[in-house]
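Okay, handing you the structure first.
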Amino acid sequence: MNFDPDTKVLVQGIVEPLGSVHAALMKEYGTNIVAGVSPGYGGQEVHGIPVFDLVEQAIPVMGAIDTSIIFVPPYELLDAALEAIAAGIRQIIIVTTGIPPLDMVQLVRQAEATDTLVVGPNCPGIIVPGKIMLGTHPGHLYLPGSVGIISCTGTLTYEIAYELTQAGIGQSIVVGIGSDAIVGSSFSQWLQMLDEDEHTEAIVIVGETGGNGAEETAAHYIAEAIDKPAIAYLAGQHTPQEKRRGHAATLIASKLSVKEGLTETDDWGAERKIQAFKQHKIPLADRPSTLIKLVKKALSARKK
Amino acid sequence: MNFDPDTKVLVQGIVEPLGSVHAALMKEYGTNIVAGVSPGYGGQEVHGIPVFDLVEQAIPVMGAIDTSIIFVPPYELLDAALEAIAAGIRQIIIVTTGIPPLDMVQLVRQAEATDTLVVGPNCPGIIVPGKIMLGTHPGHLYLPGSVGIISCTGTLTYEIAYELTQAGIGQSIVVGIGSDAIVGSSFSQWLQMLDEDEHTEAIVIVGETGGNGAEETAAHYIAEAIDKPAIAYLAGQHTPQEKRRGHAATLIASKLSVKEGLTETDDWGAERKIQAFKQHKIPLADRPSTLIKLVKKALSARKK
Amino acid sequence: MDLLEYQAKELFREMDIPVLPSQRIDRPTDLKGLKIPYPVVLKSQVRAGGRGKAGGVKFVENTIDAVAAAQTIFHLPIVGEYPEVLLAEAKYNADREFYLAVVLDASARRPILLGSKIGGIDAEAVMEQMQLVVVDGEFSPFYARRLALKMGLEGNLIQAVSDILEKMYQLFVQRDLDLVEINPLGVSATGEVMALDGKVTANDDAIARHPDLVKLVTKTSNRPKMNASIAQSSRMTEEKAAEGDFPMLTLHPARDGNIGVLCNGAGLLLTTLDLIYLAGGKPASFLNIGEAILQAWTPTVLCDRLERGLELITRDKNVEVLLINLHCHATAGDRMAVVIAEYWQKRASKARLPNDFKMILRLVSSEFSRAQESLKDCPVTIVENLEQAIHQTMGLVKSKA
Amino acid sequence: MDLLEYQAKELFREMDIPVLPSQRIDRPTDLKGLKIPYPVVLKSQVRAGGRGKAGGVKFVENTIDAVAAAQTIFHLPIVGEYPEVLLAEAKYNADREFYLAVVLDASARRPILLGSKIGGIDAEAVMEQMQLVVVDGEFSPFYARRLALKMGLEGNLIQAVSDILEKMYQLFVQRDLDLVEINPLGVSATGEVMALDGKVTANDDAIARHPDLVKLVTKTSNRPKMNASIAQSSRMTEEKAAEGDFPMLTLHPARDGNIGVLCNGAGLLLTTLDLIYLAGGKPASFLNIGEAILQAWTPTVLCDRLERGLELITRDKNVEVLLINLHCHATAGDRMAVVIAEYWQKRASKARLPNDFKMILRLVSSEFSRAQESLKDCPVTIVENLEQAIHQTMGLVKSKA
């Protein structure tokens, strides 16, 4: 994990509409965006950022690059990410959405083989308030502090950070891991990293009761391996939902013709996620205002 | 390199005609063939060797396996080799011939990623005279001793070993690396291993003046990195051959429409190979009887 | 996107996965030109499960019976879905039946092979024998043999079944599928195998790069029914339009409520709905106009989606109070406010909104004060705090009661 | 196996690599039904290079000229090869011409991409600008862009050229090819690209698993000429028979000699020939019946190949002395000796071998004495030592002189 303010950052797909907008916003926040890449646009500039045709062209000019943030269209994502890995970049944040899952399988294989951290796809990325913003977080909602947030949602991540900020509780790091079926880094991976991060005193998990997210796994992982206080907020606890299949591999269960057989319990997926946190006595909020209270409680308990 | 007599050996394709014949011959030579694999034949025995359906089934029964010798048909080779690697086997000898080159590219990639030694394809394998035979070498032609042979030919390898044996010169290890365009391990790789092998006092390179072989590269490698005396024999030095293209990547030069441009010199490929050895003052024989003399000379010089 | 059985079998045929001779039947009279000898099986081509038990599969011995059976099946809905076509297929005498599938495992983040020595419609029995192999690295046929052995197969059946699995895997990868399933795989007394029924699910994100697949699925027009429940909707709100660049907007009607909710982002929508339920309110319809971060969504696109979203949600006449909850960043909040102001003026002037229709805009944006300015002539309440927005919404609902 | 230009272009079309409208011409009169508007280029479909300079490519403006030009080209051999078909193709005005290729690099043990900003027939100029990219890992399009940039391309041409390279690579891998080459790739003034000429080489070991490729290349019957030189022959002695299981035997006639040489193994054959030349002998014909280790070569197969090999080499009437040099291991040496004895008796009794025809068998086998026994009634000299075998062979040659 290398998110110092001087970490060198590249934007792939910088001439894409979103890439251009967010490159400017990141730069404005103070992120050290040293180069952009968009094939065919080499030699141009976007918001004063030099554009190259290929990632590997930027490196002799700019030196080793730590992180790439990718905004290319979905069918070009796998190639762009592999290009970044081949050029030696070991932190990749994928904002792009709509990526074929089998492309992600290939990317995850290569990331594992090269020890590359992949965040996303379909995610707002990472922000270390006051220091660096890598993705699409609206920087003005955040406040430097000691609470780490790991979220699999999009704008709800901003909402939670904003409510913490309004309550005077700053954040050490906020990461949106993405909400697609296959994501590059998991709740558990980030829990581990935040547990080791010296600036983080408490960890907030933001998830949903439905969806593909691995909130349940996160609950078990917290109980097993995390020393710092962790608090969860799951959206959807009061909104009626259809009964879901109870198999761990949701994607499997929802598609097989024999899915009935995969059912272990008949309750909601929601209920199982909620139970996982309750079982391990991990504080679980059902609305943002409750979350704030629980976080405050955890932080003051830690200070004693 | 692990070729002790107690090394555990597996034969893939043991029910194939060649596999069955050579499994028996290897066993007779004293090789510790612990299992054979041929899908659909699990539970049977071939020459008293138990047969399994899958490599990974043999391991819990027989313990970790060091080497697999593969005799499956060419289009099944890649799968068989990947199966062996996935089961943790790190030495693979491929006797099979007629393997599509792109299958070898895939295999070489996986072998590199897993640090697996691949010998062949289209090769007679390895023999450590008096100790172990892994492949198709006719054991009765060999004599234990201190000369290592690395050859890219087939029956000519037997011929050279036989002539050394008849002259009373024993062999420490004889390896046929195979004569296909893409081979799993090269002259250079084996030169390195034999240079480090405590039982080897001199190294013989057996090649051809034509063909795909990397004899020229071997000559340069010997000059750069090998301390032990090395002697080469190239077949074909007196047989008229057509003029060949002088580019290192023979396979490229022989196919491109612009190959004329790739020609660096206009002489035979043969002449360039011969020159490489002469340039580095590596003794080069033009007939087996000369080779014997040169080996004797090298051995006696070493004893002084 | 689930393919129909006959479409799945067209793909099987392409991959040399053995299937029975069959013929697509568009209307009962097609059976007079049947080229398959009797006895024949007629099968309703629907995406829903359980067609066998529901009477959607019939064995027939001659043309007269076949036409009558086809008429019956065409008029028999399976879980609410009428078939547009039937499949007439030769009969097969299976000695045994297996289950095989290739699917993506989200937690392993790898494709997996599934197999059971028991196939067919008794899901519990199938599951009891279910075996699984994760395809860790690049696929190679030994993964398929590994599954065949875990299934307990022996002798020639190992190769026969792993050959089928290999072709299923190739199909899965070549066409970017979510699922390839054969259930049952018939095994004859002599050890021959035959895909008797098949299911193929295309991936919505990947299908656009497979024109042949698009062509195959657009041959028939019946589409899977939309599931209105939010558990699904949090993922299904946006469904790729076949020809457009952007996900379609889909309205999700709830029951008995009178509050409309429009958000950008599924999680934000869920939180907003939670808070409404907690305050005693009842939603009528809800709509997610999309995460701000969606690929290629320029401010213009999100403004356009907001406008279309407003139109869509105000069509629901049960919506008396509309709560719009937006986080605006790259898309400046004031531009969104202008869209709302313009929409309000246009609709209100044309009397296309009821007089007592109320709107609350909860907006998080650095342009909040400019947004306020844009909305000053509209009867739209604008607030920044979420709990306050809920409070005001509930106040408006109660004032109407 | 080299494909003809029009076959290569069929594959290009399949991969959506842009090619010009073209038509295959089997006889000059086909040009009367030409569907491409004039002016048209007529190209001799031969595997040999240099057809342009040799007059095998002609521009024509109308049917009369076209028929005449076709007649000329059909009767014009290119490096000894007559075309069986011509290709009639639309004319293209290229602003620039590039060179692109995908080929396997044996030393890197990886496929490589080759590209030059100069294409066409001036090989030296093409080579001067040649750039190379090794495809280390799984292919991804960035490898193609890497080459385009090394070639010095800018702007839209980067994507246009790397798109073509990506498709060439896919073709290369999907069909297991040895080479895919486009030379020249025409680039129009507006930056459009067009494959003007193409070369595709199928891999002899892999082609059997690509039935469509087998079908494509067996459409025409003209085959590459056999190169009689041993430099090629050490690899070309065995050529896969299209329908058989085992490589075919091919006899390689030398010049002016009177010694036949038959060995098992190419290296052994080379050594044997070297020793004959060193002793002042001259080979007439030589034959490699195959390495003992060839896949699935049971003793029976090798015996059969020896028998067929004997028949083949004794057809060369220049062969007065035949030296057979065999290493026998899995295939017991005595069984090979029996084959030789039987062959000798059969042929000699039918007077199909000249009276003074001599045979030397050099045999390395643990069954040497049994082999000796089998040959005791034949006038075949059997020895174990190679130099001695050469010595005896030379003695027999000299005794005949």
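Letters A, B, C and D mark the chains in the order given here, with residues in each chain numbered from 1 onward.
What we mean here is this: a residue touches a chain if its C-beta (ideal position, glycine included) is under 8 Å from a C-beta of that chain, and two chains touch if they have at least 3 such contacts.
Keep in mind the model is a prediction, meaning the values are calculated, not measured.
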Checklist line | Third chains touching both chain C and chain A | finding: none
Item checked: Furthest chain, CA centroid comparison against chain B -> C
Checklist line | chain B and chain C, separation of their C-alpha mean positions in angstrom | finding: 56
Notebook entry, point to check: Rounded to the nearest whole Å, what is the centre-to-centre distance of chain C and chain D, using the mean of the C-alpha atoms as each centre?
Noted result: 53
Note to self: Where in chain B do residues touch two or more of the other chains?
What the structure shows: none
Item checked: In chain C, residues with contacts to at least two other chains -> 137
Checklist line | Chain-level touch network, classified as line, ring, star, complete or other | finding: ring
Next item on the list: Please give all chain pairs that are in touch with each other.
Entry: A-C, A-D, B-C, B-D
Next item on the list: Note which residues of chain C are touching chain B in the complex, please.
Entry: 137-138, 140-142, 145-146, 149, 154-156, 158-159, 162
Margin query: Under the stated contact criterion, what part of chain B meets chain D in this complex?
Written below: 16-18, 21-22, 25, 71, 73-75, 95-105, 108-109, 122-124, 136, 138, 140-141, 151, 153-159, 162-163, 166, 179, 181-182, 206, 208-212, 214, 217, 235-242, 244, 248-252, 255-262, 268-270, 286-289
Item checked: Complex interface listing, chain C residues touching chain A -> 49, 99, 101, 103-112, 114, 123-124, 126-128, 130, 137, 173, 176, 178-179, 181, 183, 199, 201, 203, 205-206, 208-209, 227, 229-232, 234-235, 240, 263-268, 270-271, 273-275, 277-278, 291-298, 327, 329-330, 364, 366, 385-387
Check: Contact residues on chain A for chain D in the complex?
Finding: 39-40, 42-43, 53-57, 78-80, 82-83, 86, 106, 110
